[in-house]
């Protein structure tokens, strides 16, 4: 009895392996690589139905993970959605295809504010997907006055009530901003000062966090946190005691954009996909699901006014005056890493 | 008996420790709000959304398939290897054991990237097969580490006795040796399956073409915050396994009692 | 039983999947990327001896050691009780012990956040009976707790599988000769269970040294551990050479450490009961 059971199991296993291993493919397949939970799933299904193209959807955790996989060359992706500085790096390393914008007529809906940005000055390689700022999320009940400067994160009054981002570039970047320098600085003196400032701050920091910052702020575990604007929108909705501000020294504003890596076999279909994502209804659905700011002018019009009117969700031009986009730091990354290790080992 | 009470008490506390987070997770799968910071009321919406999410269901499927196949294969290869190693002379045995420790010692990222480079070098496209091969590879050392102590414990004389009594080596193995090492083999199988389910880094770097595991899907949500759909999925998975266990146990005890009645 | 041939498939597998990647690792660690091309250099290893990196290494090793010891102290009794003759449904209990590990690791660690936070579940419960909120998170306690939680089954299972098949006649013999339970344990049970203990320590200590997610989430990212450092080199900085060198150094350190314990193990074999 037992024997037969095991034999049947073995047969089933073999069939499963074969069935999965060799599927018949006569459809064009598009391999898309995106952040986790960063698209409205139904959008993919609509695309498949409309164009009869199968979408293989993979997710990555960080830009760096994605970069290693794409650079190594083992997988063949047709669409990637990385962040600004990573796009610049990939352009410099000749890893991206130039886009034929005549195949992407819906590009006209992208806000002209978001064209010709530093990481892709001639709009040859990317189409913006989502964007936002970095700023301070604070609990109005736990903070005595509205913060206006990054220096509030160094205020001893809020010892162990401060949450910093566990990300080298973001944390060192805003420290540089606090000191009045560029967050893309390569100057050793400026970096040394930033390191000292971070070491000084360490005793005041409750924790260096990643995404758990949202739940913590909503629960009132800390008074101040450094977050992305998209996350701030979500937090404020869940806990109205919270508010968000971009400090006067300026901050980082970031973009995630769609690119096509070199070596794709399906450039036409990829461009079709990008064009599809830029359709008003589709862009609106994505923005609605994800909750970050969309660069699509018509989609923004469709979104509820209570979101688009909030300055922290959709910053105005003047809010971005001192803000910068991250650029690729090249070899200075080693310095950043050293500083971060020293701060953390202190 | 105080001793028995203390023993059961200790085990109970330990299990409470092990299951506390699981209960918390299950709890929040019914939370109407997405955040772990507030409780907004009871809701089943995450369960509904989970069933509609093709991505999550596909990755669950692959996780289970890879988990089962890789743990079974690893157990077979690993058990055989454990026997072979046990019979080696000191020097080759030490070498092989140290080589066995290496994948366990290596940080996941190093193992993951080195496997990826290997696959690319031999022009194997990253996908299901490469994922399976990587999982089998990191599972085998754990099987060996589980089975080897049991083999060491074996009384060599029993096997010889069986042979002396006229059994063929194969029968002697099956009827004498195998039952003795079974706890080790089962332990190895369980550990391998567990490791396979939970692995992220190695899987991430060695898969492609839409083959994703549950771990990858979950870790990829790290930047945005883990969607409670995952809580719902985990709770369901857990619930089903627990139900299965309880059912098997009830059936077994019924079998036992009916056997006792007839004998 | 001349069964060395049984290991041959495994050895073949090792050669491809362990030796080749190791070769790559060694290659990366002894080379440096300069503007003039790749040259052989021990610079990566020298870099690792700088005080800041040694500090990281020592911290990682000590945290891993503490966690392993805690796992042993908590896990051995559990394995002992589970393997006891008077317990029914052993197999189910063992399976139940492994079951929580089938929930994703990240999820379980997040759940600990909810439990240990200042306004988390434990503090809320304690508050109800009048105890002020405890600082349970973002310290070494939380990190060790997380590690023990994660690695405990890896310690319990090998010990259990060895203990469960100890020849009971040996125990009875000891008792007949007048030994009390404690002596029986110390002189008979424990020495016989050592192979399982060694396996358990191996399976816990090694991953514990290179893990970093636990310290990041439960330790609040307060310090960099070896695992963080290596990951940073490979991903953020792109310095695979330094990352490989660190990995190799760490492996050597641990292998040397394990070398001592295996010598101890051999002594046990010689002094065994047959």
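By written order: A, B and C. Residues from 1 in each chain.
One rule holds in what follows: contacts are C-beta pairs under 8 Å (C-beta built on N, C-alpha and C of every residue); 3 or more make two chains touch, one makes a residue touch a chain.
Worth saying up front: this structure is predicted, and the values here are computed from it rather than measured.
Judged by the touch criterion defined above, the protein chains are all mutually in contact, each touching every other. Looking at A-C and A-B, the interface holding more C-beta pairs in contact is that of A-B.
In terms of their C-alpha centroids, the spacing between chain B and chain C amounts to 16 Å.
Centres computed as Cα averages put chain A at a distance of 33 Å from chain B. Shared interface positions of chain A, defined as residues touching 2 or more other chains, are 62, 65, 68, 210, 212, 215-216, 219-221. Annotation for chain C: residues touching 2 or more other chains are 110, 113-114, 234-235. Residue positions of chain B touching 2 or more other chains, listed in rising order: 36, 113, 117, 218-219, 222, 226. Across the complex, chain A meets chain C through its residues 62, 64-65, 67-68, 166, 168, 202, 205-210, 212, 215-216, 219-221, 333-334, 337-338, 340-342, 344-345. Across the interface of their complex, chain B is touched by residues 13, 16-17, 20-21, 29, 31, 35-38, 41, 44-45, 56-62, 65, 68-69, 72-76, 210-212, 214-221, 231, 234, 238-239, 290 of chain A. Residues 4, 7-8, 10-11, 14-15, 17-22, 24-25, 28, 36, 77-78, 80-81, 83-88, 94, 96-111, 113-115, 117-118, 133, 137, 140, 142, 144-146, 148-150, 152-153, 155-156, 159, 180, 183-184, 186-187, 190-191, 194, 197-198, 200, 214-215, 218-219, 222, 226, 230-231, 234, 237-238, 241-242, 245, 248-249 of chain B touch chain C in their complex. Interface of chain B with chain A (complex): residues 33-38, 52-55, 65, 68-69, 72, 113, 116-117, 119-120, 125-126, 128-130, 204-205, 207-210, 212, 216-227. Interface residues of chain C, counted against chain B in their complex, comprise 1-11, 13-14, 16-22, 24-25, 74, 77-78, 81-82, 84, 86-87, 89, 91-108, 110-115, 121, 149, 152-154, 157-158, 160-162, 164-167, 192, 195-196, 198-199, 202-203, 206-207, 210, 226-227, 230-231, 234-235, 240, 243-244, 247, 250-251, 254-255, 258, 262, 269.
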